[in-house]
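By written order: A, B, C and D. Residues from 1 in each chain.
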Amino acid sequence: MNPFQRQLSLVGTLADLPRIANFIAEACAALGLAPAARFDLQLAVEEACCNVIEHAYEGAGGALKVRIETCDEDVVITIQDRGKPFDPTAIPEPDIDAPLDERPIGGLGLYLMQRLMDEVAFTFSPEGGNTLVMTKHEVLASADPPQATEEGRDGSPAAGNDL
Amino acid sequence: MNPFQRQLSLVGTLADLPRIANFIAEACAALGLAPAARFDLQLAVEEACCNVIEHAYEGAGGALKVRIETCDEDVVITIQDRGKPFDPTAIPEPDIDAPLDERPIGGLGLYLMQRLMDEVAFTFSPEGGNTLVMTKHEVLASADPPQATEEGRDGSPAAGNDL
Amino acid sequence: MELSTVDLKRCSLVRLGGRVDGSVAPELGSNLRAVTDSGRYKIVVNMADVTYTSSACLRELISAWKVCRRWNRGDLRLAEVPPEIAKVLTLTGLDNQFAIYNSEVEAVGSF
Amino acid sequence: MELSTVDLKRCSLVRLGGRVDGSVAPELGSNLRAVTDSGRYKIVVNMADVTYTSSACLRELISAWKVCRRWNRGDLRLAEVPPEIAKVLTLTGLDNQFAIYNSEVEAVGSF
C-alpha cells in the first residue's frame, strides 16, 4: 500500500492562507475524508500556519512547508518553518469557561489545534528549524475514496490511500 | 361568436368570499385574461360581495348571484342581492390624500371598485332587488386564451371568448 | 391567512401570509388587538407572504395603526410589501401613510 | 469575505459572508472598529453566509465585543450562526459568552 503524500512549499504571508486551505481541501478530497475530518484538518492547519506567519516570522513572509501524508489509518500533517522558535509549554491553556470579559483577546489558536487533532508535537532545532507534527487518528477508516476502483471498494477499505 | 357567461348563486356569508374569488379566478383563466386584469376583477368582486354581505344583509347570510360575461372586448360582472338597498350617491368619496389620522376607518371598498373597473352602476328595484353591474373595457383584446384552438389563434383574436 | 406574532424588545413583529380577504380580516383584527391590548404599540407587519388583500384587510391595519399612534405611543409599520399588495395601498393613498420598509429587519430596526 | 453594514435606529447590523480566515480577519476588525468609532456600540453580526472561521475571526469578534460592552454601553450579538461556525464557538467556549439568536430580526429586535 503506497502512502499518500503531498507537500506545499511557499514564502508565506497571511494572504497565502486561502492557498494553504485549498491545498488541504484538495488533499482531503483525494483521500475521501468525511466532512467533519476535513473541517478539523483545515482549521488546525490554518491555526498553525497563521501562528507561524504572525509569531514565528512576526508578519514578514518566511519559508513555510506544509506536508500532508497518511500513516496506516492516520493523517499526519507536518509544518516546518525557519522563524523564531518558542516554548509551547510556557503558553497557558485558555480558560474557556471564564466569562469573556475576563479573558484575553486571542490565545485560542494552539488550543483549537489541540482540540481538533489527536497529537500535536513541536520540535525546534537550530539545524532543522521549527517542526510541528499534528496527527489525526483513524480518519481513513471511515473515508470514502471518491476515485477508488471497483476492486478497491470490494477488496480493501483503505484502497483510496494511494490515490 | 358565442359570448362567455358563467354564474354563481349562493347564500352568501363572509366565509364564502374565497369561493367567490375562485369562481372569478377560474373564469379569468378560461378567458385568458392578463394578470393585471384578473387582479382588478378579483378585488372589485370581493369588495362588492363583501359590501352586500356586510351592509345589505348586515352580516346574516342572504341570496347572492354573481355573473361574469363578455360583451365584445369587455368583461361585465353583475352582482344581485335581495338585501337592504342604499344610496351610493350619498356615500362620500374618501379623501385618499388626507393624513391617515384624519381619515375614517373603512370606506375604501366602493372607491376601489370605481378605481378598478371602468363602469360601476347600481340599480335598486322592489321587484328585481339590488343589482350592481361593473364593466371592464377592452380586457379581452389583450387576453391570451389558453385553450384556444390552432385555428382560433390564427383566425380571430377573440376566439377564446366562447370557451 | 397565516399569522404569527413575535414579541421583540422594542416592538412586536406580526408575520402575515396567504389571502387576507374579508373572510379572515376580522381574525387579523383580533390578533392585532391582542398585541395592542397587551400594551405593545410598536408593531411591524411583515406582508412578504401575503398573496391578496382587500379593503377589509386595510380597515384592520388602519384601525390598529390608529390605536398604536394614539398619544404618540407607537406606530404600525409595514415590511416587505409584495407588488400586488403595494398596488392596493397605492390605489387607496396608503402608500404614503404607512411607513413601509423593504426588509423586516429594517422595519424592526426602525423602532 | 463579504461584509456590509446597515445602521438601524438602535443597533448596527453587520452581515458577514464567505471565508473569514486569518487573511481577512484584520479587515473584519477594521470594519467593526469603524462602527464602534462612530459611537455605535450595539452591533448584530449576522453570520448566515459565513462558510469558515478561525481563531483570527474570533479574536476580532471578542475584541469588538469588549469595546461594545465597556461601561455597559452596548453589546455585540450574533445571529444565524451556521453549524460549522457554531462548532468553532463551542470548542472555544464562546457559545455561552456571545448572545446568539436564530434569526437576524430577533437579534436586532433584542436591542
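One rule holds for everything that comes next: a residue touches a chain if its C-beta (ideal position, glycine included) is under 8 Å from a C-beta of that chain, and two chains touch if they have at least 3 such contacts.
These numbers were taken from a predicted model, which means no experiment stands behind them.
Chain grouping by touching, computed with chain A excluded: one piece, all remaining chains connected.
In this assembly, A is the chain whose CA centroid lies farthest from the centroid of chain C. Centre-to-centre spacing of chain C and chain D amounts to 30 Å, using the average Cα coordinate of each chain. Here the spacing of chain A and chain B, counted between their Cα centres, is 71 Å. The distance from the centre of chain A to the centre of chain D, with each centre set as the mean of the Cα atoms, comes to 27 Å.
Centre-to-centre, using mean CA coordinates, chain A is 53 Å away from chain C. Not a single residue in chain C touches at least two other chains. Within chain A, no positions touching two or more other chains are listed. Every pair of chains meeting the touch criterion is listed here: A-D, B-C, C-D.
In the complex of the two chains, the chain C residues touching chain D come out as 6, 8-11, 13, 104-106, 108-111. Across the complex, chain D meets chain A through its residues 19, 21-23, 26, 52, 54-56, 58-59, 62-63, 65-66, 69, 84, 87-88, 91-94, 97-98. Remark: chain B residues 14-18, 21, 39, 42-43, 46-47, 49-50, 53-54, 94, 96-101, 103, 105-106, 108-109, 111-112, 115-116 touch chain C in the complex.
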